[in-house]
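Down below are the structures I want you to see.
What follows is subunit A paired twice: with subunit B in the first complex and subunit C in the second.
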Partner chain A sequence: MTAAPASTPAQGSPLLLTLLQARTYLALILVFGFFAFMAPNFLSVANSVIVAKHAALTAFLAIGMTFVIITGGIDLSVGSTVGLCAMVSGWLILYGIDLGAMGTMQFNTLEIALLVMCVGVFVGFVNGILITKLNVAPFIATLGTLYIARGAALLSSGGRTFPNLSGNADYGSASFPGIGAGTFLGLPVQIWMLIAVGLVAAYIAKRTPLGRHIYAVGGNERGAALSGVKVNRVKLFVYMFSGFCAAIVGLIIASQLQAAHPATGETFELNAIAAAVLGGTSLSGGRGKIGGTIVGAFVISILSDGLVMMSVSSFWQTVIKGLVIVAAVVIDQAQSKLQARVALQQEAALGR
Partner chain B sequence: MTEKHPIGLSIRGGVKVYPGTRALKGVDFDLRMGAVNVLVGENGAGKSTLMKLIAGVEDMTEGTITMDGREMRFRTKADAVAAGIGIVFQELNLFPNLSVAENIFIGHETTRGGIDIDIEAHREATRQLMERLEQNIHPDTPLGNLRIGQQQIVEIAKALAQNARILILDEPTSALSAAEVEVLFRVIDELTAQGVGIVYISHRLEELIRVGDYITVLRDGVITGARSMEGVDIPWIVKAMIGSSSKEYGRSEVANFGPEIFRAEDITLPRAGGGFTVDHVSLSIRSGEIVGLYGLMGAGRSEFLECVMAQHPHSGGKFWVEGKPLTERDVPGRIARGIALIPEDRKRDGLIQIMSIRENLTLSSLPSFTKLFHLDLKKEAKTAVEFIKRLTIKVASPENPVSSLSGGNQQKVVIGKALMTGPKVLLMDEPSRGIDIGAKAEVFRTMRRLAAEGLGILFVTSDLDEVLALSDRIIVMAQGRVTGEFPSGTEAAKVISATTPNAQNSKDIAA
Partner chain C sequence: MNVKRRLLVSAMAVAMAGVMPSFAAAADTIAIITPSHDNPFFKAEADGAAAKAKELGYDTMVLVHDDDANKQSELFDSAIAAGVKAIVLDNAGADATVAAVQKAKDAGIPSFLIDREITASGIAVSQIVSNNYQGAQLGGEEFVKLMGEKGDYAELLGKESDTNAGIRSQGYHDIIDQYPDLKLVASQTANWSQTEAYTVMESMLQAHPEIKGVISGNDTMAMGAWAALEAAGRTDVVVVGFDGSNDVRDSIKKGGIKATVLQPAYAQAQMAVEQADKFLKTGSTGVEEKQLMDCALINADNAAKLETFALSN
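Right after this comes the complex of A and B.
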C-alpha cells in the first residue's frame, strides 16, 4: 500500500465496505425504484415479465462470460454463437438432417435442444483448444470464432430468415415454441431455465474444486499450475460452458420469434461483458460472482427497458448505459482498494 | 571517524503512522557519507518504512529530515531523486518485457530534442555500467530472460545510472550467488571511496559485519542500537534485534533415517543454446533426511527441482518414489505421488495473491475435501485453521487475502499448502528467502520436525551457514552437474570449493 491517510477511523471502513460490496444490489433497487415511480405501467405484471425475459437472455450469456472473465480471458464469440445456434435450431426443425440414401432424420424438441447445445459447446471447445493448445490470446481466438460462427450462420440460409418455426407434431417438435413462450407454475420457462443454470453455476463457483480452480487460474496462472491445478482443462471448461449458455439463448430466441435470422445476437457479447463487470467481475481475472452477474444483467435490462418506456431517445440510452458501466468499474476499484486496506489493518492489529 | 564520514542526512524524531499501526516511533537516524550504513532488524521492525521515508516513497507523519543543514521534505520519489537519493527495493521494480538498457533508463531516458530516444547512448552507458559491475549482460537482452540475481544487478545499475549520492540497498543480496555478492561488495567499496553514502539492509548478519561501517538496529519501530561497526559481532546484533541470544537451527534429536524415499537418475534438461542446464544429475534421499542442495546462482538447482515437479516437458531421466517409478507426467499426478514443491518466488509461483489464506492453503488438496464433486467447505475451513495453528501462522482471519500477510507468514502459507497434500518428499527452493530471522528459525524448526516425522526433504539454498547447520547431507551443484557430496559437519571450505570446480581443477573434471 502506498501512503494512506493516518486518521481513518477504524470502524468507518467496514461499514463503507459493506455498502460498496452490496453496490450491485443497491443499483438494482435504485433503477427499479426509479422506473417504478417515473414510468407508467412499469410495475404491471405484463411488463415485469417482458423485462425479466429480456434480462434472462443477457443473464445467460453473462453467466458464461463471468467464468471466462474470472479465468482472465474473454469470450467475444457468444453473440455469433447465439446466431449460429438459432439458425441450427431453425434448420433442424425445417429440414432435419439429410442422411442421403437413408432418407432424412427428423428430431423432437428435446433432441433439437440437445443438438443445438452441442453446437454451442463445440464452438466453446474450439475457442478453448485455440487458447490452451495453440496459445492464441483469448481476445483474438474468440474474435476469430466470432466471425466464423457468424459466417456459418449466414451461409446456412444464404442470409435469409428461417420462417415459421412452429414445429411439426409428426416429428414431436410441435412443442418447440414452448421454450420461449411457455410458462410453468406461472413463470416463463426461460426464467426457470435461468434459475437452474444460475444455481448450477453458482454452485460450481462456490462449492466445487472446479470453481475454486477457475478463481485460482485467474488469480495466478503459474501459481495455480504449480499447485496442481489443470489449467488447460479449467480453461477448456469455461469456454465450453460459455458456448453452452450461448446455445440456450439461441434456442430461446428462435423459439420466441418462431423464426431464425442469421444476424441474431449481434453485439450481445458486449451486453454480457457489461453485465458481468457491473456485477463486480474483474477483467484482470480472479474476482467475480454469479449472483452479482445476474443482478448486473437485470440492472442493464431494466435500465434499457425503463428508458424505452419513458421514451428516452435510444441515443441517450446508449450514453446512459455507458456511463453506468464506467461508474461501476470506478466503484469496483475503490472497493478493492478499501478491502485491501481493511485486511491490512486487521493484520496490522495483530501486531505484525 | 566523524571527519572522515560526514553526516549527509539525518532524521530527528521520525514517526510514521499507518492506519492501525505506528511503524516508526520517534527515530533518530544519521546517514554517513562515504560509508556503508547498515540497517538491521526483524521483518516489520520498520527498516523498510524508514528507507521509504528517505526515498520519498512515503511521507513522514512527524519529524524532520535534514540534508547539509537544510530541512528537506520528500513528498514524492522524484523529490528524493532530485536530492541525489536512489533506492533499490527488495522486490524488483523492473519490466521483464523491456531490454536491460531500456530498464536502466526508464523514466530518465536520454533523448534528442526531448522526443527521440538515443538508443545508442543507452546501450553504451549500459555496457559501461555492466563492465563496472563485472556482468556479462548484453544491453539488448530482454530482462525477463535473466535470472533473478542478474535482474538485481540491473536494478543496482539503474540506481547508479542516476548518479545517486545516497544509495539505499534493501536486501540486495537476498537472491545473489556468492560470486555476485563479491562483485556487489567491490562496487560498494568503489562507491564509498567516491563519497557515496550507502544504506545497506540485510538479514544476513555475517555479511553486514563484513561490509558495514556503521550499524543501526531497529526493533518494533524503535532504534535499539546504533554505533560504529568496530567490535560488533553477531550475538550483539541478534541481541539488539530480538532481545535474546542467538537461536540454534541445529539438530536436537538423534538422526533416524529410514529407507530411500526418493531417487533421481540421470536427469537432464537441455539448454536452449546447446549443452545442459541440468546435466545428468542423480541423487537419492532417505526418509527422515534433510539434504541441502548448495551451489551458486545458475548452477541448475532450481531447474532440477522444477524437473522433479514436471515443469520441463523436455527433461530426461527417471524418478522413483518409495522404490516405484514416477511415471506421472503432470503436476497433479506428481503431487498425488507425494511430491511437494515450495517454489523460490513466493509471489509468482507460490501464492494466489488475491485469494484468501484459507483458499491458498487448501488449493493443492481440494480432492480430500471433495465427495464426487461437492466441496465440503466446513471441513476445508477446519483443516485450514488446523494448519494455521500447527505452523503458527499469524493471521487475523483465514478469510483475509494472503497478500495482507508479512513475508514470513506468507512463506508458512506456502509450506502449509505443500504439507496439506500429505507429501513424502518435500522440495524447498530457498525456503528462507526474504523472511526475517525469527520466521527463519521457525521455518527451520518446522523442517526438522517434518523430517523427524519421516519426510525426505531436499532444500536449495545459497546461504552457506544455512546449508551447513541444517543439512544431514550436502550436495553441491555447479554448471548443471553434481560436483560434490558431503556428510554433515563438513568444513565450509570444502563445500565452497565444490561450487567452482573449473577454477581449481578443471583438468580433473575434463579427464
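Right after this comes the complex of A and C.
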C-alpha cells in the first residue's frame, strides 16, 4: 500500500471532504437564504410553520424509507399506504366497523389512530414477508403492494371521497380534525409528532443493537448473518416501521382535509426516496442518517413552497426538483471517491 | 445595483414585518389556483383570470394543484402566507376542498370558485359553474340526432370523485333514454384522461364491435376514443365530447369528432376576477353565491368561430 495517486495535492482535500459531508446542511442554508431574499413573506413565522408542516409529511415517509434503504431495500408502497390509511380513517369515522348481528362498533380518535397504524404496519408486514420468506426482490414486492393498496383504497369507497370527517362527539371522535389542524404549545401537532418519531428513529439507529443490525444488513448481508444478526427479523422490522410512518401521514392528511380521497399520496414514495437521498442515504445500502433525511425533506419542501411563493411555473418546479436530486447524487459519488482517496493517502502516509 | 439594493431593502422589510403578512405585499395580489395546465381548458381559465386581474391592476400568483387535494391545501397555506387578497380556484375535489376554502376564509381571504362546486355553501363568496346539466342535454340532443335515434352506443365517464362527471352523465341520459332504440352497451370511466380513454375504447370495441356512437364526459376522453376508433378503422362511429377544446374543434372541422359542448372557461374565469374585484372594493359581489353559466353546442356549423374556450360572434 504505497501507491498514492501522484497528481493529488494532499492539502485541501480534507476541507473539501468536510464541505461535501455537510452538503445537506449547506443546501438547506442555501435554499433558505435564497427564498428569504427572493420570495415575499417567506421569512414570516406563519410561513415557517407552514413549511415545517409540509416538510413533516415528506419527512415521516423519508424516515421509514431511510431504514429500508439502509438495509439495501426500497419501499415503493408508502404512497399507496398513505392513501389506504386515509381511506381507513375516513371509513372508521363515518361508519365504524359493522359487526353484523352485534351492531356497529364506533371508535374514538385514539382508537381510530391506533387501528389505522395497525393497517399501515400490516402493509409493511406483508412487504416484509414477501421479501424475507418468499424471496421477492424489494422493488417488485413493494411495487405489487403499491398497486394492491391503491386498488383497495379505491374499492373502499368506489372511487369517491369520504366527506365531512369532522368526527362525532357521541363517539369521542370529534377531536379527529385536531391531528392535522391542532396545536400544542404553539406548534402544530404534526410537528410534535415528527419530533417524536424523528427522535425515536435516531435513537434506534444510533444507540440500539437493532440499529447496528440495520446498518450491518445493508453493509454486508451475508457477513451480518454469519455473525449472528437475524437478517429476516431486521428486514421485517424496517418495512413495518415504514408502513407505520405511512399510516401517520395518511391520518394527518385525512384530518387536515377533513376528507379522504383514494388518490391521496400518489408519488409520495418518490419524494420520500428523494429526501433520503438528498440527506446522504446511499441507495446501495449500509449508509444513511435520520438527521440528514429530515434535513433532506426540509430542503425539498422549502424548495417547492418557495417556488410556489415566487409563482414559478409548476413545470419549471418539476425540472428544478429533478436537478437538485441529480446534483445530490453526483455530489454523493464525488464524496465517496474523495473519501476513498483521502483514506488511501492517510494509509500511505502511515506506511512510510 | 439599484435593483439589488431594492431587493435587499424589501427583503429586510419582509423580515421585519415578521408575522404581519399584509404589510409586505406591494400591489394587491390575487392567487389563481387551477388543475395542471397540461389540459388547455385549465390553461384557458388561468390565462383568462390572469389577464382580467392585470387589467384591473392586480398582481397574480398562478398556481397548479394537479387535482391533488393535499397539494391544494398546501398551496392555500402558501397563498395565505404570501398575503394574497383573494383566491380564484378551480378546485381539486368537491369534498376535499371545503377545509382549504374554510382555512382561507378564517384568514380573511375570500375565495371565488369556478368550473366545479364544493359541497358546502356559505364558505366561498362565489361559486360560478358552467351549467353542466344544460350543456349535457344539448350534447345529448345532438347525439340523438347524429345517431338517427337508434343504435348501440358506449359512454365514457369522467372521474367519479368529480361532481361534474355525474351531472353530465345525468344530462346525457335524461335526453338519450327517451329513445328506446338507442341502447347503452358499455359504460366505463376513463378518469378524464386521453390515454385511458384510448385503451378503454380499444377494449370496448373488442367487446362490442357493433357500437355506432360514443358519448364522452369531456373532450380529452373524446380525443382518446377517436384515436382508438381511427386506428381500428371505425371512423363511422359518432363521437360527441364536452368542453369545447381547440383539438376537438379541429377534429370537428376535419369531420372526425362530430360535436362538443362549449364551457366558457375563459369568460368564466374573468367573471370570477371581476366579482373578486367588486367584493374587495365594496364588500359584496351583488350576486348570489351559486351562479350558473350556460354552455353552447359546437358542431360543424360554428366550429370555426371557436378559439381557446371562447366563441367569437
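For this structure, a couple of remarks:
Please note the rule applied: the second predicted complex is superposed on the first by the 342 of 352 C-alpha atoms of A that agree within 3 Å, B and C clash if a C-alpha of one lies under 4 Å from a C-alpha of the other, contacts with A are read in each partner's own complex, and residues count from 1 in each chain.
The rule is simple: contacts are C-beta pairs under 8 Å (C-beta built on N, C-alpha and C of every residue); 3 or more make two chains touch, one makes a residue touch a chain.
Quick caveat, the model's predicted, so the values are computed rather than measured.
Look at A:Leu199: by the touch rule set out above, it reaches neither subunit B nor subunit C. Of the two partner chains placed by the overlay, only subunit B lies in contact with A:Thr208; subunit C stays clear of it.
When the two complexes are overlaid on their common chain A, residue A:Ala340 makes contact with subunit B while staying clear of subunit C. In the superposition on the C-alpha atoms of chain A, no part of subunit A is touched by subunit B in one complex and by subunit C in the other. Within the complex formed with subunit C, the residues of subunit A that make contact are 36-47, 50, 53-54, 57, 158-164, 253, 256-266, 305, 308-309, 311, 313-315. Taken in their complex, subunit C has these residues touching subunit A: 7-8, 10-11, 14-15, 17-21, 24-25, 36-37, 60-64, 66-70, 73-75, 77-78, 80-83, 93-96, 98-100, 119, 159-161, 189. Only residues 17-21, 44, 57-59, 61, 309, 311, 330-332, 335, 341, 343, 348-355, 359, 363-364, 366-367, 370, 373-375, 377, 394-397, 400-401, 403-406, 409, 417, 421 of subunit B touch subunit A when the two sit together in their complex. On the side of subunit A, the complex with subunit B involves touching residues 1-6, 8, 10, 206-213, 215-216, 219-220, 222-230, 286-287, 339-341, 343-350, 352.
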